[in-house]
Amino acid sequence: MPGNSFGELFRVTTFGESHGPAIGAIVDGCPAGLKLSEADLQHELDRRKPGQNRYTTARREADEVKILSGVFEGVTTGTPIGLLIENTDQRSKDYSEIKDLFRPGHADYTYHHKYGVRDYRGGGRSSARETAMRVAAGAIAKKLLAQQFGVAFNAGVVQIGPHQTAPEQASFDWQQVRENPLFCPDAGMAEKAGEYLRDLLKQGDSVGARVRLEVTGVPVGLGEPVFDRFDADLAKALMSINAVKAVSIGDGFAVAAQLGSEHRDEISATDGFLSNHAGGVLGGISSGQTVIAEVAFKPTSSITKPGQTIDRFGQQQTVVTRGRHDPCVGIRGVPIVEAMAALVIVDHWLRQRGQNPDPQK
Amino acid sequence: MPGNSFGELFRVTTFGESHGPAIGAIVDGCPAGLKLSEADLQHELDRRKPGQNRYTTARREADEVKILSGVFEGVTTGTPIGLLIENTDQRSKDYSEIKDLFRPGHADYTYHHKYGVRDYRGGGRSSARETAMRVAAGAIAKKLLAQQFGVAFNAGVVQIGPHQTAPEQASFDWQQVRENPLFCPDAGMAEKAGEYLRDLLKQGDSVGARVRLEVTGVPVGLGEPVFDRFDADLAKALMSINAVKAVSIGDGFAVAAQLGSEHRDEISATDGFLSNHAGGVLGGISSGQTVIAEVAFKPTSSITKPGQTIDRFGQQQTVVTRGRHDPCVGIRGVPIVEAMAALVIVDHWLRQRGQNPDPQK
Amino acid sequence: MPGNSFGELFRVTTFGESHGPAIGAIVDGCPAGLKLSEADLQHELDRRKPGQNRYTTARREADEVKILSGVFEGVTTGTPIGLLIENTDQRSKDYSEIKDLFRPGHADYTYHHKYGVRDYRGGGRSSARETAMRVAAGAIAKKLLAQQFGVAFNAGVVQIGPHQTAPEQASFDWQQVRENPLFCPDAGMAEKAGEYLRDLLKQGDSVGARVRLEVTGVPVGLGEPVFDRFDADLAKALMSINAVKAVSIGDGFAVAAQLGSEHRDEISATDGFLSNHAGGVLGGISSGQTVIAEVAFKPTSSITKPGQTIDRFGQQQTVVTRGRHDPCVGIRGVPIVEAMAALVIVDHWLRQRGQNPDPQK
Amino acid sequence: MPGNSFGELFRVTTFGESHGPAIGAIVDGCPAGLKLSEADLQHELDRRKPGQNRYTTARREADEVKILSGVFEGVTTGTPIGLLIENTDQRSKDYSEIKDLFRPGHADYTYHHKYGVRDYRGGGRSSARETAMRVAAGAIAKKLLAQQFGVAFNAGVVQIGPHQTAPEQASFDWQQVRENPLFCPDAGMAEKAGEYLRDLLKQGDSVGARVRLEVTGVPVGLGEPVFDRFDADLAKALMSINAVKAVSIGDGFAVAAQLGSEHRDEISATDGFLSNHAGGVLGGISSGQTVIAEVAFKPTSSITKPGQTIDRFGQQQTVVTRGRHDPCVGIRGVPIVEAMAALVIVDHWLRQRGQNPDPQK
């Protein structure tokens, strides 16, 4: 309830600051009997890890996750799974000069006014470092969903600044996501955007991004009307990721210009749904179609271009964020988007199984 | 937890189907000592009420709300507030012919597969009728917030199909919202969109809409990192409204094309924040700036243009939804958007007061 | 969360004051497909109803419950079940003289200091009238459990003041509970205690009681270690009933004097558990044995013997509670104890089904 | 929600098995600005630590707690506090011979049937080792309550088998609790019970205990009617402790024999409450009087006297629990009882502050 937990039946609670001794999580409610090892989690964590290429921060974290409980003889026991990653590369000294500053676009100002104190080292709790635990927990959710329903997650960067995938592109090339460092489902865009980012790095600036998510294999019937709708919980999950400013389901904002006769997905007795404007959700409940969502990541404010701000004494200051930062945080957002979606789906699956395990056909 | 409750400390739980005897809600956690009467709620309900003009359904509901508990001698007592509206104009017979059909774009299909049974009269629980209780509960939240902080809500329709407010419009004319039946903050757009809708009604079609929300007076410090962020809970609240397909905060999807040096809201010692790209939220916590959000409403699928679908026996069918329906459900969405935002704000205010009532400056 | 809800997946939220227009509840999370009518609820409510015999208050409430939603064509739909009972016999004038008094042993003092205001008519929210909704909701839980597992509830008054069932009594005569007005599983005790109560009524005093509960048919595996144990949630459920001051499971306080070799319930390959000191719970999880609990009800403080107290201005006062009151509130507590136990069991059943539907044997 | 969390606003979630690499907890919702160090927690943990004297298990755990997050420069920041204790003395081999046995009186049987798998080493999750984290979290709660209201906790063992404190004892000698190894508030009883336990150890048996708790300084107004009553949550908290089988508030089960004129605590304008039969709770809300509760601990089933049971293949077996075990687990229960009570009080304080920070007098 106090904000660091997600999910009702499959519940993840995280802790940890960017420059404290460790970050960690408790995954409570995981069904018993799942084969699980640290390697299952590490695989996903490695996708998110910084320092992997020139477009992500040079900070190097081993990000080695340990499972401290809830798994016995290689199998989940139904008891809480404790996860821990020690922080190895902290360099706190980088941050001492900004301890009293409210960096524009950062959480410094709001944390200070909310709590009265804050851990200013590397953003403390507001650092994107926290999302490593989302990815680790999401890896467990993904494994459960893959085994149970064959659920598959595809996410990728479809816009970076002026560069987008072609709008007419009916289906994305999800294989490409694994083959370029921008997690982009379009090799052409990846090349152009890569060039653009290299230029941006020289200027000391950053840029936003749009990430698309497509999830196949989600069973029909997930989601709890009227407030805990599947899409409402997905929106919350995605908006809770650092730097996300917008979430859409299916056709998203484009529906404002659509006609009812155009938007409604008609159904054929032989072919099923004939379109998917709804993005796999009807009345807040999953329809069995591909779940489609998009999110927008803002450009990080951690840039070397000087900016105007105040310190906590109200004095005017100019700030330059040196440290080590991604020019486009949306790129590393891709595995986080998948992880959060997985947490929503697994949670709603258990909720549905609790209330209505065998709905009539 | 089972989906029909919203909020942690200021918690609203609703019940009721479109064509059952009544709909109702319990508002639990309202602070004691607030002056409250049925008129306070009725005022907001009347804004949402159908049958008010030619652009909304002809169904006529008195929508008279009764307060059954929690208020004594005109003042809230801190105990749960029971709310009830009897359904007076039900006409269930209109719906008998579609009892076995899965209307395209409706929740028929998903409710059927989730629960095995469904109340098909007027959409049952999936009907927008349910939102009346959100508006009633939101009216209590609004009154609390107005008294405590002077929080003011402005929402309006900024797009209907091809008609939008001018993009360069720096500030909307919120007074206009009260003066045209489309809740539009732009008299020019209201006129053109009205003409467009009259035409659409003749064609038996519907159209989507985009609604903008601006909330002033929200205190700094609301929101619980890392999952129950202020913007994450707002996204959930808004996405949980019937027909909403997208939610944005501040500059929304436009941030994908912005530079960090452009997006970050710089701060001046004399003038405070110099811009509001963030929409009043930094790091998931309210910044004290105006909270800005937009949502997209899909066009209702309840139209008289025939559509292809199947029935629950898997047979191909053609469906025409007669009944009485709005050509643009986004219009009546305006007070609902305000209500859901008010519920988020009041809940996070009480949560902040519980944990950190007197943060240091 | 704000206190008027019970259960996680099968969640009951109640509202209503003793002398307001109505009391009500929302039962959210009930599985779809259960045959349910108002008669199912009324049957249980009638057991709890006041005015049935000389040992319970003369206040006459029809206590006619209406189902307002969640049931369609005689079957639950999986959506929230709205329940309402109108208050018909209120006589508010009886209470005006005590509006500023803190009656000793009542909630007047604490409600006043907690909320600053209170509905003093008949105890307002703190009245036992609130428990009618627990009984109504519990009736739904009981029906589900009876159909699914054949769960059966037996509860009865085993002590009233100096009168107890014989301690050596191995098994209680649960049939007797239906045959005497004291809900006592021992005809002999019922006769003596009846005489005792008639005497007490003449003196204007009241007396406490102890109620025993035995539930058969509870499946093995219910309960969530480590905090939401089956017995912990049962303890909360029972202690939350008005006037309850103690709860025990199995041998209860007697275990403080037992040896380990005496207490542990040994298991036989042919006969199963050879004893039931544990009361059907091991390690916080139901064992499949009969669940056994006892609770103590305090004597009501609503008596005509004068008592010393203060008013809200701090002045010394003498109070006599006239009104209409039970001499032994524990008697009517019997169906409430059953109802709360049923709510705990059904909730933990759904929780277990969500996490571990098919545990290995 | 899945069972390993406690509290609504001050929320503790724990993980860890007896013989895994570590146990840990996340304390979420702690107000910012509290001075806190590992020493504050260690002090309480040392009271609970095994291996301290001949009456507790010889297992030696350093039980050194580390704070991994949520504290910066010696002060809580309002973000989640991660706690970790590494398990240093595990000796898993002791348990291999009972891996297929359901030890009578243990959770083996129920964990197996609930989850299908279980970590049999030292009881796994059902081990009392889990309670170390309750004590660590409770230490934070205690420090907050002591600073804010001067709340003080006194708990002690008032019965071990046939040995009790004198019933007429009006006030216990809480200083004594710190001076004898049995945490007994009566030197005479401690001596006799000590002799009794030494004898019991020779016999390879165990015994139950009763623990009394008195909390002073609790402010009036804590507790949320009607389900989350202060006493209901306290009952849950205490019943959730391993081996607890009964909980009473104030006069407890004795109220079944009391008259209303005897039980009600009268109030004097000059002296306040004239008695405390209610144990500091009226109508589910704290009254400002001393909170009084008692709990019964069953005798541990981990004894060397042979017992009959079955294994997971249904075969009859005789079991002897060697390992290292306390003859009376109630003794080490004392700091756990205090910790759980502290968690309830701090949580209800924050909840009250959220809803009604300034109730009228």
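Quick notes on this one:
Per-chain residue numbering starts at 1, and chain names A, B, C and D are given in the order in which the chains are listed.
Operating definition for what follows: a residue touches a chain if its C-beta (ideal position, glycine included) is under 8 Å from a C-beta of that chain, and two chains touch if they have at least 3 such contacts.
Keep in mind that what you see is a predicted model, and the values were worked out from it rather than measured.
Its C-alpha atoms superposed on subunit D, subunit A is turned by 180 degrees; the angle is given in steps of 5. In the contact between subunit A and subunit B, the residue numbers used by both copies make up over half of all numbers at that interface. Looking at B-D alongside C-D, one finds more C-beta pairs in contact between the chains of C-D.
Farthest chain from subunit B (centres taken as the mean of C-alpha atoms): D. Taking the mean of the C-alpha atoms as each chain's centre, subunit A and subunit D sit 39 Å apart. Averaged C-alpha coordinates give centres for subunit C and subunit D that are 26 Å from one another.
The mean-CA centres of subunit B and subunit D are about 46 angstrom from one another, to the nearest whole unit. Multi-chain contact residues, meaning those touching two or more other chains, occur in subunit A at positions 1-5, 8-9, 14, 29, 32-33, 78-79, 114-117, 125, 225, 351, 355-356, 359-360.
Contacts from subunit B toward subunit A in the complex involve residues 1-6, 8, 14, 102, 104-107, 109-111, 113-117, 125-126, 130, 159-162, 200, 205-210, 220-229, 231-240, 242, 245-269, 274, 277-279, 281-288, 294, 296-303, 305, 307-310, 314-316, 330, 351-352, 355-356, 358-361. Per the touch definition, subunit C reaches subunit A in the complex via residues 1, 8-9, 29, 31-33, 78-79, 225, 350-351, 353-357, 359-360.
Note for the complex: subunit C touches subunit B at residues 1-5, 7-11, 13-17, 20-24, 26, 28-29, 32-33, 66, 68-70, 72, 75-82, 84, 114-119, 124-125.
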